[in-house]
Amino acid sequence: MGLNKNQIAQRIAQELKDGWYVNLGIGIPTLVANHIPKGINIEFQSENGILGMGPFPVEGKEDADLINAGKQTITALPGASFFSSATSFAMIRGQHVQLTVLGAMEVSDVGDIANWKIPGKMVKGMGGAMDLVASADNIIVAMRHTNRRGESKLLSSCSLPLTGVACVKKIVTDLAVIKVTPNKGFVLLERAPGVSIEEIQEKTAGRLLVEGDIPEISLD
Amino acid sequence: MGLNKNQIAQRIAQELKDGWYVNLGIGIPTLVANHIPKGINIEFQSENGILGMGPFPVEGKEDADLINAGKQTITALPGASFFSSATSFAMIRGQHVQLTVLGAMEVSDVGDIANWKIPGKMVKGMGGAMDLVASADNIIVAMRHTNRRGESKLLSSCSLPLTGVACVKKIVTDLAVIKVTPNKGFVLLERAPGVSIEEIQEKTAGRLLVEGDIPEISLD
Amino acid sequence: MSHKNYISKVVSDAHAALDGLEDNMTVMFGGFGLCGIPENSIAAIRDKGTKGITCISNNAGVDDFGLGLLLKTRQIVKMIASYVGENDEFERQMLSGELEVDLVPQGTLAERCRAAGAGIPAFFTPAGYGTEVAKGKEVRIFNSKPHILEYAFDAPFAFIKAWKGDKAGNLIFKGTARNFNPMMAMAGKITVAEVEELVEVGELDPNGIHVPGIFVQRIFKGIGYEKRIEQRTVSAKAE
Amino acid sequence: MSHKNYISKVVSDAHAALDGLEDNMTVMFGGFGLCGIPENSIAAIRDKGTKGITCISNNAGVDDFGLGLLLKTRQIVKMIASYVGENDEFERQMLSGELEVDLVPQGTLAERCRAAGAGIPAFFTPAGYGTEVAKGKEVRIFNSKPHILEYAFDAPFAFIKAWKGDKAGNLIFKGTARNFNPMMAMAGKITVAEVEELVEVGELDPNGIHVPGIFVQRIFKGIGYEKRIEQRTVSAKAE
């Protein structure tokens, strides 16, 4: 079976630590904001220039001057601040943002990530992704374990143009939670309820270390 | 004879052009602000973080949070802005300040300047002087033509540790107005009322070009 | 007093603000997506018909708004940006080779603009190392981490948009409409700021200025702001 | 909601703010002259007796105030600054060799702090080229002008002072008391901000924040500010 998008986001939210500033990418990462654990205080940064980003506005309250990096209308929470793109990326490059969560098309077993360009297809640009992955101390990738053709997205080396090298620390997919280590490659930490280790092994093309008991992901 | 401090400042003020942002150093340069010609609009920058610096406050209105780079209490004029030291030196280094006026201990005939350190004496530091002289498009030095021992301060090469190289464009002293050119050295433009060309030549140790009529400085 | 205590930057309108803008120049445009873009200046450039523009902007607008207007008229020959999706005409011109595109990581783009304005000709950043962005660039290790050398941008003109401005060119932005505008103000040799509200000198708090007037050469009050929203997203209304 | 929407940075006082400050650390101090200096933190460091401090600060205070207090007690072993006049004890220690001094051009100092906070490990600047400041440094020509390579500063602690701050660490400065404080806030691994007014989250205008709370790890309300004036200069009173 595996996790759905919301469950992937919920599992990633378990990684949050009190007092972290967090940057969430477009797609599944955005959903992480809906699952902040009790007692954990988090501020969300959006790289276009806001700290303290809140939920979407209620209808009629949209403000063209208040958007996130996905160009969606948002709100600002009490304690928010606005700043320039230079200051925003100073926060990111200077490692003041403790966690970046983003999607990926491919991740290699040394932590390389490809998520911005498919040769032959229209290139939209890397936006802030290269700055984010090159800088963040802690990068979690949220993605499906395989692509639409059923091929593994966890590879020994990326086939697509890279966004960053040796930067991904953890991957949460519909099937598993995986740590990325420079020497041992992918290390299986948890599996989705009802998903077998064999299935994960089969769908992971890069080196995958399975050691000891692998517990099921708990979402409670 | 020669010009006094205020007259040197007054002559330098004639160089001001409408719409210029100007940074004035400590000493004679500060006095330039008292002589802005009619119809000329100038904003003064102080490198500790203000544009639109005004005169000293009236007694009782001093504010410890409002000083200039000489640590003197000042005022802010309408249209002023405050900013960080990084932004302040972005203005300076990025050549947004059109004119810097500062004092000097020595200037060479290729425009090198020494004004921050005397070997064997207590070194106080260069403050912002090195940034100012390395960056400004237009640097005018205000100083006496000779030092206390009567020795020329306009040399073929500086004997003191440099603040910057090939940067001074013009010098206004008690005796003369002198242009500094990379190839011909000092070029005499004007002489103080009653001061002879011979006296200026005698008191200028570096190469000095005297060509054609040299008018007297006019202060009206 | 025979002189004002400030330097007036006011020009009458967007058209007057373009004085000196010529074909084949590099031009910066503030904004992120359609947020905080200089709507009046873009329209005036379209009307003026300036050609051969190399455009530095984080995005390229949409088909019928923002920089999309200048793409439609083929006034832009090269686009330096970090993200150029959401624009069919852009895609067509790029794929046909009519439009040259140079993609730059967003943080690097921002910092290269700031560097230009701050007199920093080059700096090292980790962004893009190991990717095609690093191709041909100097690599150096700092704190055991590889970085690449990136250069400041040059731009004879920058067009930006602020919320409020005074006649001396001091600017204040609202919300996330600030984005690239402050650095491009710093970088432009001639920076044109259009504002929603143009106030008298002295009306803005000197502690609250986002861009000091020294970085602005021309300012005018814009008109008819559309401020289009690209992705209107809302929450369920509270009961 | 079971969680706050902000991250509280409040500590009880200057003493509590020093937690983790150990001997032989590099420490940044905001301020220009005696303007905008963290008076409470300096006093607390004196009381704590932390030794072997390498101090990054534009100035060194005066004999009996500012960093002069930590010089008197010999808690500072090295001073990185742009201007260190007006302090006899400083001069004595420097001439006797007790105190190491590294003089850095003021703009370079400011930019090296910002760079540290912005993840820029090194940048080129024209300041100091051809002078003793350039000794041993890499020189490179950009636009026919020589520049030198300067490195970001590292600092496990930064002590800064703001006018107002909220509990999430957002800061606002007043007048020229801003100076080095914002960049040092960015550069400090642990940045301690003392403020004259500590307000609730939500009281400060998010458009008007000078230093976003992300750059501040600890904040407290300072007490007994002396705010000494170094050069009291006045104009003749208008009649």
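The chains carry the letters A, B, C and D, assigned in the order they are written, with residues numbered from 1 in each.
In this text, a contact is a pair of C-beta atoms (placed from the backbone, for glycine too) under 8 Å apart; a residue touches a chain by one contact, two chains touch by 3 or more.
Quick caveat, the model's predicted, so the values are computed rather than measured.
Novice: Going by the stated contact rule, which chains contact chain B and chain D alike?
Specialist: Joint contacts, listed by label: C.
Novice: Using the touch definition from the top, list the chains contacting both chain A and chain C.
Specialist: D
Novice: Can you give the whole-Å distance between the Cα centres of chain A and chain D?
Specialist: Spacing between the chain centres: roughly 35 Å.
Novice: With centres defined as the mean C-alpha position, give me the chain A-chain B separation in Å.
Specialist: Here the centre of chain B sits 55 Å away from the centre of chain A.
Novice: Using the average of all C-alpha atoms in each chain as its centre, how far is it in Å between chain C and chain D?
Specialist: 32
Novice: Note the residues in chain D that touch 2 or more other chains, in rising order.
Specialist: Residues 111, 114, 118-120, 125-126, 173-175, 206-207 of chain D each touch two or more of the other chains.
Novice: Show the residues in chain B shared as contacts by 2 or more other chains, in ascending order.
Specialist: In chain B, 76, 82-83, 86, 89, 92-93, 135 touch at least two other chains.
Novice: What topology does the chain contact graph adopt: line, ring, star, complete, or other?
Specialist: Per interface graph, the chains form some other shape.
Novice: Touching pairs of chains, which are they?
Specialist: Pairwise, the chains that meet the contact rule are A-C, A-D, B-C, B-D, C-D.
Novice: Quick check on the complex: what are the chain D residues that touch chain B?
Specialist: For chain D paired with chain B, touching residues are 32-36, 58, 81-85, 91, 94-95, 101, 103, 105-111, 113-114, 125-133, 163, 173-183, 210, 227-238.
Novice: Mind listing the chain C positions that touch chain D in their complex?
Specialist: Touching chain D: residues 111, 115, 118-126, 140, 142-143, 147, 151, 172-175, 206-208 of chain C.
Novice: Can you check the complex and tell me which residues of chain A touch chain C?
Specialist: For chain A paired with chain C, touching residues are 46-50, 55-59, 61-74, 76, 82-86, 88-89, 92-93, 112, 122-131, 134-135, 161-166.
Novice: Contact residues on chain C for chain B in the complex?
Specialist: Contact set of chain C toward chain B: 2-8, 114, 116-120, 166-168, 170, 186, 201-202, 206-207, 209, 212-215.
Novice: Enumerate the contact residues on chain A facing chain D in the complex.
Specialist: For chain A paired with chain D, touching residues are 18-21, 36-43, 45, 51-52, 54, 76-83, 86-87, 89-97, 135.
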